[in-house]
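Chain nomenclature is as follows: A, B, C, D and E, assigned in order of appearance, with residue numbering initiated at 1 for each chain independently.
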Amino acid sequence: MIEAKGKMTSVSKKPATTIKQNKAVPQWIANNKQIIGIFAVLVILSLFFSVFSNSFATTGNMLNMLQQLAANLIVCVFMTLVITTSGIDLSVGSILSLASALIAVLIKAGLGSFEAFLIVLIVGAIVGLINGVVISYLSIPPFIVTLASMIYIQGLALLITGGYSIGIDGSAWLNAIGQGRVLNIPVSAIIAIVVVVVGWGVLTQTRFGTYVIGIGSNEESVRRSGVNIKKIKMLTYMFSGMAASFAGIVLATRLGSGSSNVGTGFEMAVIAAVVLGGTSLFGGIGTMLGSVFGVFLIGVIDNGLTLMNVSPYIIQIIQGSVLLLAVIVNTHVFSGKSLKRR
Amino acid sequence: SSNGKSSASDGKSKQLTIGFVTINQEAYFFTESIRGAQEQAKKMGVKLVVQNPNNDPVKQNNQIENLVNQKVDAIIVDSIDTKGVIPAMKEAANAHIPVISIDAIVKSDAVSTQIGVDNAESSKELGQYVNKYIKDNMKKPAKLGVVGALNSFIQVMRQNAFLDTVKQTPSLKVVNIVDGKNVQQTAMTSAENLMTGHPEMNIAFASGEPALIGLASAVKSQHKEKKLSVFGWDLSKQAIQGIDEGWVKAVIQQHPEKFGSEGVKAAVKLAKKQKVAKTINAPVTIVTKDNVDQFKHLFK
Amino acid sequence: MAATPRIEMKEITKSFGRIQSLRGVNLELYSGEVLGLVGDNGAGKSTLMKVLSGVHLPDGGSMKFEGQPIRLHSPKEAKNYQIETIFQDLALCDTLDVASNLFLGREPLRLFNRLIDKKKMHLSAQQELDRLGVTIPSTYATVENLSGGQRQSVAIARAVINNPKVLIMDEPTAALGVKEVRMVLELIKKVKQSGVSVILITHRLRDLFEVCDRITVLYEGRIIDNRPITDFTMETLVESITAEKEAVH
Amino acid sequence: MIEAKGKMTSVSKKPATTIKQNKAVPQWIANNKQIIGIFAVLVILSLFFSVFSNSFATTGNMLNMLQQLAANLIVCVFMTLVITTSGIDLSVGSILSLASALIAVLIKAGLGSFEAFLIVLIVGAIVGLINGVVISYLSIPPFIVTLASMIYIQGLALLITGGYSIGIDGSAWLNAIGQGRVLNIPVSAIIAIVVVVVGWGVLTQTRFGTYVIGIGSNEESVRRSGVNIKKIKMLTYMFSGMAASFAGIVLATRLGSGSSNVGTGFEMAVIAAVVLGGTSLFGGIGTMLGSVFGVFLIGVIDNGLTLMNVSPYIIQIIQGSVLLLAVIVNTHVFSGKSLKRR
Amino acid sequence: MAATPRIEMKEITKSFGRIQSLRGVNLELYSGEVLGLVGDNGAGKSTLMKVLSGVHLPDGGSMKFEGQPIRLHSPKEAKNYQIETIFQDLALCDTLDVASNLFLGREPLRLFNRLIDKKKMHLSAQQELDRLGVTIPSTYATVENLSGGQRQSVAIARAVINNPKVLIMDEPTAALGVKEVRMVLELIKKVKQSGVSVILITHRLRDLFEVCDRITVLYEGRIIDNRPITDFTMETLVESITAEKEAVH
């Protein structure tokens, strides 16, 4: 036993203490294998498509893609917050439809572009707020609440358009949101990038973001720390509603028309991107960068396969398979082993 | 523009590429129009690229943009949102790529040629047929139920045009409209509930293929063959069976493969900078017991 | 001791469905006093403390804080009275790092109070943990990967840095090593000096004799004994908690 | 103190021990407030519709509804198992479409009804098995896996039908699955009821069911108990795939035709019913009866509103609102307070 | 003691990312022996026991069971060798009832072994808990609502009824009351009589002297002491765990 203890002296407590701090960077890598992995998958896929399609790796196509994904990027930021609290927002697609329909109807009714813009944003925020209040203060599961609103908001959109698509004669600046370019970069893409950066800051650098993660991890613990968790949760849904509304304006101005079904399936695309990026549906783990990569991964698969002129009869088969393969590669090759939390 | 491909259009050396953006691949109409286009393309020795946006107007836009990006020689579009498709078509026009709009009518300068059925006009025709049918055959006042698809602009248009026309029969009453959402199963459930709620209903209209299949299945499950006279758009096996059994009275049948083949013909001409008429009409047929036989081969 | 107790709980009752956890509990706590709260498993100790820290709303009874009647609707309100609690289940956010858990709800801010001052937060966290003598791999480590004792240490540090007037400790040393237990006992003595009132729940009876002024025994949701520590010996305390139920009294 | 201890004698330990056992029934009520609540809501809604529509409370309509909901009932049973393990199966709608398409194609190709029936069931099971294997053994989140299969299976369905809807000329017994009636009760409804009863038994009376709940509650705990959790999880997805396949046959034989989009939106309807019934999306809490009531609640709202002649332009608005109201009433009036788990 | 130990662990190492939890641990356990495993918080005790119970796969080293080399890939394999564990985090399924937790993985069956015999299960559960002297409101109660001590009792009962050859107890008494701790110590003595090998991890050093044959001290992932209990006094044991690191040796 003496030998064993003899060795001991070399294992003195000091080393453990000295390497304590300044681990932020390697810790970041360790914590974010998933993000690095999905980025790697994204790069590989892009290389693949560049080789097999002449038009994929062109500036034009890249800018197109940015513009096409702008709405998804904007909404995915707030969806990430919602899902990180262990919630979900299924109503974003419907809110997007409603916003697109509403801005068209309002402008047709003679309102100015600015007034219409503002009203649509406020309506989105209110709809989100209603979701948030019911979820937080009445403690109803988010899945059911936002599913119900998905249905009634879709109904509202249908009601105000009567099932038709309505042309938008907005002012120049309003159209620019969807169609404009600055230095050849789509305005919508610029807005999306700003939103992403702000969203990243909120999640990682503010109290709000910490509580969002904390609520997803252990809601009761955050409550016991004296935080108003109901308010935090409510706000995430309000923001999400407002963002969806804005995304609706982006799409409507891009198409030059509002209609009640532009948002069909939009919620699934966004949720899929967020989950793909590594945010846990069970809450407590959220990554903005991952969500962004998730949006791009889905977008690149879609765009690349289309450019490769894959027959529409088999494109879905390939899309689904590539998606599955991408996650498997990400999990088992890049991130090494599976995530701890489901 | 003076890119490689368009200059190749006057020589025969380079194969033309034509893009075709459809609406979905779940209805007979679109599937047939794709088939028509593919056969025509093969015949003319051009490459046809088909894209399916699955009812999503935004995706349709993206796909048109992608085709423009690939510098195809012409684009055929069956529009989901006849207004929302215009910005993308303009992009194509700006890139000097001719746009051929089939089926749904798009009102824009960007469209070089419009090939289509006026859905509203044809629905009106069917409405007039129904008005006459009621006058000639029905003793009791007509009670009409409708199975629609409110998420399809074209079908909303058909439905409204039909309703406007049949309202000319003063005794006719619309008992209810239900939304089948362009899915057979949903249409069937809605149609069954419609029949349950309105046992007095004696006329039914369906605005498209899934709606009509759903309606037909509901007629069978509710044993309404003797009570109901069914009208609608787009043939199917079930609809033909209904015509044979006598309870489906009339169905508007388009000739979707013609849209495809005419579209490709026009596209090739336009790509070769030849002149094409601004509008090409594709006729529809009202299928009844009298002429159903000539369509049966399509649904074997 | 002072005339008005810092905390006064009167006839507190609390049921969960058919289970009556508290059947009318009276409890007083004076400033600078360390009260030992003991009792069988399932006696209701944790439930009582959750009532005091605003986690549970009692079904009946009343509470006073420094003579003023209070009603605690949320943990936030309890915190406003500077009542801090180390919960038996620790109540940590597993996916947050050590520093974020320590400062949850009171993160230091920078840039016009918009952003969390992470550098400062991790530095203070390290200092606090060192002060408690806790060895933790890194303040950046997520809590879920810590050992049982390390987790408990984080929970203790969190309650202490909040500068409490009343410190509730629900089995704070259950998972701690010998040295760490010593540190916690020293800590209790130190905060007592500065006038903090402490309620200590523990099954390590020996520790009670070292730090407590008074012992309250809970049995099936009722208080069955409440005397100064000097009245007890190890044997009579064990008797009070267990044996007497059958025969002794 | 003597008084206090004097009282003690009356509180002796015995009573606690004697009331220990035979608490099963009141415990059931306590544990199942949610189910009782949703049942009450169902009854209220039914009464409402009976008053405002003459045809609602007729035998014919009730049997119709049973038949319409048969497919949902069958799938909801297995979805309940999947969700209780804290999983999700988004691919059921696509599997349903594939099965409906496949049976039509196979019979058209000349196969006998029985062979076709068997092949379709097996294909469904295999597709589910693939989901299960990837989820369990490769540890990929179920949401992503089943989303990917949703896409590629939809593609397969499209490929084999070529986009056409294909008529079914099956033998009498095959058609009877969708259309037949025994003593005026729809065959599909009878099958659904049997499936529900068996599903209830599996969840509450077997080891498999206990492990399903345990995995959702604390997967690691069940693993440490020596249970092969990967196999259990895998099986739930396999069963789910097979059930969806069978539901596809039910629908196809009912419609008399197979098509690649009958299943559109089906997964959401089923998941909504399960969650509405009180099964937690976070796992560990599952109730078969609740899911069944959930299916009926959604069905009754749909059916009742149509019978009441609500315009299709506002029906969704009312549907969504009634759904929301129903959950709020259930949670706050009948179940008393909110659920503990989210 | 017998010539071949029941358990033999050799040079076991295990790291989590950059944290080396076990740095080459050798451990032997004989039949009918009670081994006390002690050490600081974060020393690696729980990690070592998780390796032995098949929860973690070690990075390096080898294990033998009754002389046969074994490799445990899953808890199931450990259970096949009748190695049963009470985990520090209890590992209970919160939403299952007490009886289901007790019999998880070995539910009594009826009807051609298809259905769980619930009646029998709840009855046996009640008997087992009574035997341990545990008071729990009902075997139908879901575990999430139990008190800390009640939960721990369930975990203990579960390990014991599995009829182990090796019983690993990771701080089994941390949340237990005085009487319950006694019961557990009696239990250990009883199973030892019948030849069961026990590894007891606890920070209550006094308990060790009552039941242990031998003490092994772990420090930062290494074994630094391993002697019969008779070699220790309370003081030298505390020294071995804590003090000597600085100066004593």
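The working rule: a residue touches a chain if its C-beta (ideal position, glycine included) is under 8 Å from a C-beta of that chain, and two chains touch if they have at least 3 such contacts.
In UniProt terms, the chains line up like this: A, D = Autoinducer 2 import system permease protein LsrD; C, E = ABC transporter ATP-binding protein.
Just so you know, these numbers come straight off a predicted model, no measurement behind them.
Steps from subunit A to subunit D, minimised over paths through touching chains, total 1. Copies subunit C and subunit E of the same sequence differ by a rotation of 180 degrees once their CA atoms are superposed, given in steps of 5. The chain pair sharing the most C-beta contacts is A-D. Chain centres computed from CA atoms place E at the largest separation from subunit A. Averaged C-alpha coordinates give centres for subunit A and subunit B that are 35 Å from one another. A separation of 71 Å divides the Cα centre of subunit B from that of subunit E.
Computed centre separation for the pair subunit C/subunit D is 45 angstrom, with centres defined by C-alpha atoms. Among the residues of subunit B, those touching two or more other chains are numbered 25, 150. Residue positions of subunit C touching 2 or more other chains: 135-137. Residues of subunit A found to touch two or more other chains are 13, 16, 23, 158, 162-163, 313, 315. Residues of subunit B touching subunit A in their complex: 22, 25, 49-52, 55-58, 61-63, 65-66, 69-71, 81-87, 150-151, 153, 156-157.
Contacts from subunit D toward subunit A in the complex involve residues 86, 134, 138-141, 143-145, 147-156, 158-159, 162-163, 219, 268, 271-272, 275-276, 280-282, 313-321, 323-324, 327-328, 331-332, 337-339, 342.
Here subunit E touches subunit D in the complex through residues 53, 55, 74-76, 78-79, 85, 87, 91-96, 100, 104-105, 107, 109, 114-116, 118, 122-123, 126, 135-142, 144, going by the rule given at the top.
Taken in their complex, subunit D has these residues touching subunit B: 53, 55, 58, 60-61, 64, 67-68, 158, 162-167, 179, 251, 254-257, 259-266, 302-303, 306-309, 311-313, 315.
Chain contact summary for the complex, subunit D toward subunit E: residues 13, 16-17, 19-21, 23-24, 27, 31, 201, 205-207, 210, 213-214, 216-218, 220-228, 284-285, 340-341.
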